[in-house]
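Once you've had a glance at the structure underneath, I'll fire off some questions.
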Amino acid sequence: MSDLIVLPLVLPLFGAFLLPIVMRTSISIGAWIGPAILAYGCWILGDQWISGTTLPFSLAIGGFAPPMGINLYIDSLALLFAFAVQLLGLLFWPFKIDQETARRQALMLLLVAASTGLALSGDLFNLYVFYELVAVATFGLIAASGGSAAYASAIRYLILSGIGSVLTLLGIALIYSQTGTLNLAHLAQLAPEQLNNKLGLTAFLTILIGVGVKAELFPVNTWVPEVYATATSRVSAFLAGLVSKLALLIILRLLVLIFHQPEAIQVMLVLGILGVISGELAAWRAKDMRRMLAFSSIGQLGMIFIALAIPEQGGLLAVLALTFHHLLIKSGLFMLADGWGGAIEKLRGAAKRSPLAAAIFVLFSLSLIGMPPLPGFWAKFTLITQLAAQTSPLYLIGLTVFLLATVIEAAYLLRLAALLYGPAAKDTPIDTLAKPAGLSLATASLFGIGLLAAALFIAPVGDLLNHVAGQAANTDLYINTVLAGTGGSQ
Amino acid sequence: MTEIELWIVMLLALMVLSAAVMVLLVKNHVAAVAAASVVPLGLALLFVLMRAPDVAMTEAAVGAGLSSLILALALRRLGLWQIDGVKTRTNLIKTQSEGHRNA
Amino acid sequence: MMPDISLELILYTTALGLISIGLAGVVLSRHLFRMVLALGIAEAGANLMLVLAGYRWDAVAPILTTLGEHPPMVDPVPQAMVLTAIVIGVGIQALAVSILIRIRQRYGTLDRSQVVERMDAEIADTASIPRDVSQESPLGERPLPSIPDSTVEIRGGHS
Amino acid sequence: MRNLTGLLFAGGLGFMLLAIASGLDFGAPPMLVGGAIQAAAPQETGATNIVTSVVLGYRGIDTLGELSILFAAAASAGLVLGRRHTTAGTLTEGGFVLKHGGAMLFPLLLTIGFYIIFHGHLTPGGGFQGGVILAAAFFLPLLARPGARLHHGMLSVIEGFAGSSFILIGLAALSEGEAFLQPMLVQDALGQLVSAGTLPLLYLAVGLKVGAELAGLLSHLAQTESEV
């Protein structure tokens, strides 16, 4: 069974290659290929999750034992992310049938495959390849969404991510020239002697900035608001909800396994704080819904970066809680923005037009702010306790900024909620108000149900995340699993 | 590695670096593309000296050949293909931006 | 016998020089096409860096010519990675220029600041909000240069 | 102002890298993985060109990812440039040399391309380089003859089947109970043309895919709009 774990990574690629040919002969058959592959991927990963043992395992591709070959490393965290990728791929599937369906769906399949690869791969350069594949597929999907502004925002994103990929390659070259290996487990083994120096720090910083482009890290996130404002809501939801988290996952793995320098952590903390400040302030000033969500996403990811800078396992727990919480909420909010994408002012009184959408919006907002019974409270509370336990003054600054940001967040989200429930402008009849489309609303409700479920079962969810964090924080487990327990040809 | 090779490497390095600077400074877009294709060409020769024949072949075919072709075709479609541009601006040095002339 | 150090230094400086020149070009260029060119240069520098990471002075190319004993070879792994990186780079470049072609058609310009202005204006327009001029002041208060009408010949002459 | 900050940024970056990595001794890499691969590659994959055995064997999934990137780039470029009614190629007739030279070069380029692909496991070169040459062979007529056009349907069929056969070869190994993309049928004939098991087949798939992809991309870029 565990051999089949490669299928969710490979089958979408297979489907993407064949899709243009199939679509040429029959659109009705072709339209089902993608969803079928993704559903099968969900089934394999879910089955692995249920039946699999709690221990992580490693799968050598090509049968070459790591560190010589490339391996997939599957632990609870990777499995959780891979499952989320397949599921969200299915939820955000571009059903629209038109002349370009084949290309759009093929790109979506490539995006899903590459994201799965990012979640599972255990090799630095392989991660880079999948990272680039994610990038190229997203450029296409953004540009495909139509307007001239989409092209302009896509080229800005492309150039920034090009800078990022140059820096990442540079970091990989530095690491390879120092250690002679690229396998994460092997690197983790060698890191204490060979990378615990200035060179290692430089390599980490270049990779941090490079990967940070997708993770919406502070100085390299200028692409975010325009891209989310011009791409279709589904693409934005996938990017903000998932792809940014996967970039974060790379940084998390590097930080846990390889780079333990205190300077690395400080840089992340400072960048995270700056990200929170800039993101939340800009969100407060934003005048349209999509850009508000985009800036708020920058702020939220800044918070996660602050949490990443906490060295202990508790920090990791906070990271995971914030990550999955934000994944649910931002995906849902972007689905709402599908109909409510325009200026905030135009949403005045929109609750009467679509009460369900308004209710879901309020639910998400309250959780994002951190209202007690909702999971957001628990996630933020974990981070606050962890931050307060640190002694260094930098963490206290982080804590202050974090609390302030929560206040700002509450201000702009509740302002919008008040607008929604307020009276409609005099001269506009209710029927002309904007309303999220049926399918998007249904998807958003799914996320809302997921959020409520997490709120109801907060204790088991917390236990689960704690277990996942414990497994992810265990460097020795990672090294031993990959370098000893492979079924390759040794 | 002999002394001759050292000299060749040094010359190639100089060529590559100066071509790279040219790409940014030169006024004409066609000249910039030409300079940009010198960089991978020089690198391909460097890779031969660095005992990387596979990389050298790829760099020559893809970097110098294909990529220059793509850029040249793009220049044609962008309407920037003019050998002796009179009105083109320098790239890095500030001048009055051209868009206003369109208005 | 020539000194080893100088060769190492030359190659290393070339790689870093290309990366620096390329990145500087991306940051400084005013024209989008030059930015794409500069990005290509930076990528070439990163590739050289990667090959350099596996290079040994006293070795031969990693291809077996005789069976049995063979002289020391350079590291094949970075070479394989560079092969991958080169092809990735050209793919991205092709995509970038095709997006540029569309931008040029829609906006009539490839000047960086003008494209950004038009993009902001268009986003604000589709969201139907008054433009936030305070952020881009004084650029934002300037009237946008008009888009040349669609009869402008895209191919060939300068508009 | 921005010029100054940019210059400072680039200069600072260059200086920082130079200063920090000056301690690095290039020229004597550790070769932990590389050394092990060199020792084991001829037996495990049967290719004399060790770079090929890394590209297709040890790091096979990188190559798959790379093919996907090229595919994604071509598909995105197609999406961006659209499927308008266009006339491919030049508007002006090529000169005598271009026209007849192109016709003469076509079979030559085709032969060279396939030669490079099929000898990828023995000598430098392989799927990528050969694929580029194939693309050039098919692109040449577009430059020479006005109104010539590539058969896009044919191209997409080739690229689809080439890409999926790469994956199918990998899945075949999986169904045999081995790992995904494990080299199979490695003969004991190092240095022969027919050796190295499935590697040449993989390179053929890579070459066809790269060639079709690039030819399609080039023809997209070479299109001239009939009406804008």
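Each chain carries a letter (A, B, C and D) given by its place in the written order, and its residues are counted from 1.
By our rule, a contact is a pair of C-beta atoms (placed from the backbone, for glycine too) under 8 Å apart; a residue touches a chain by one contact, two chains touch by 3 or more.
Model, not experiment: these values are computed from the prediction.
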Furthest chain, CA centroid comparison against chain A: B
Pair sharing more residue contacts (C-beta pairs) when B-D is set against C-D: C-D
Separation of mean Cα positions, chain D and chain C [Å, integer]: 19
Rounded Å distance, chain A centre to chain B centre (Cα mean): 37
Chain A and chain D, separation of their C-alpha mean positions in angstrom: 30
Touching two or more other chains - residue numbers and ranges from chain B: 53-54, 58, 62, 66, 70, 74, 77, 92, 94
Sequence positions of chain A contacting 2 or more other chains: 125, 129, 132, 136, 139-140, 143, 151, 170, 174, 176-177, 180, 182
Residues of chain C engaged with two or more neighbouring chains: 7, 11, 13, 17, 19, 21-24, 28, 36, 47, 52-55, 57, 61-63, 73, 75, 77-79, 81, 83-84, 86-88, 91-92, 94-95, 97-102, 154-155
Interchain pairs in contact, sorted by label: A-C, A-D, B-C, B-D, C-D
Chain B partner contacts - residues on chain C that touch it in the complex: 2, 6-7, 10-11, 13-14, 17-18, 21-22, 24-25, 28-31, 33-34, 36-38, 40-41, 44, 47-48, 51-52, 55, 57, 59-63, 73-74, 79, 82-83, 86-87, 89-90, 93-94, 97-98, 100-101, 104, 108-111, 113-114, 145-146, 148, 153-159
Contact set on chain C toward chain A in their complex: 19, 22-23, 26, 32, 35-36, 39, 42-43, 45-47, 49-50, 52-54, 75, 77-78, 81, 84-85, 88, 91-92, 95-96, 99-100, 102-103, 106-107, 115-116, 118-120, 122-124, 126-129, 132
Interfacial residue positions of chain D with respect to chain A in the complex: 16-17, 20-21, 23-24, 26, 29-34, 36-37, 40, 44, 57-62, 64-66, 68-69, 71-73, 75-76, 78-80, 83, 153, 156-157, 159-161, 163-164, 167-168, 170-171, 173-174, 178-183
Parts of chain D lying in touch with chain B, wherever the complex brings them together: 3, 49, 51-52, 124-126, 128-129, 132-133, 135-136, 139, 214, 217-218, 221-224
Partner chain C, residues of chain A touching it in the complex: 125, 129, 132, 135-136, 139-140, 143, 147-149, 151-156, 158-159, 162-163, 165-166, 169-170, 172-174, 176-177, 180, 182, 226, 229-230, 285, 287-288, 290-291, 341-343, 345-346
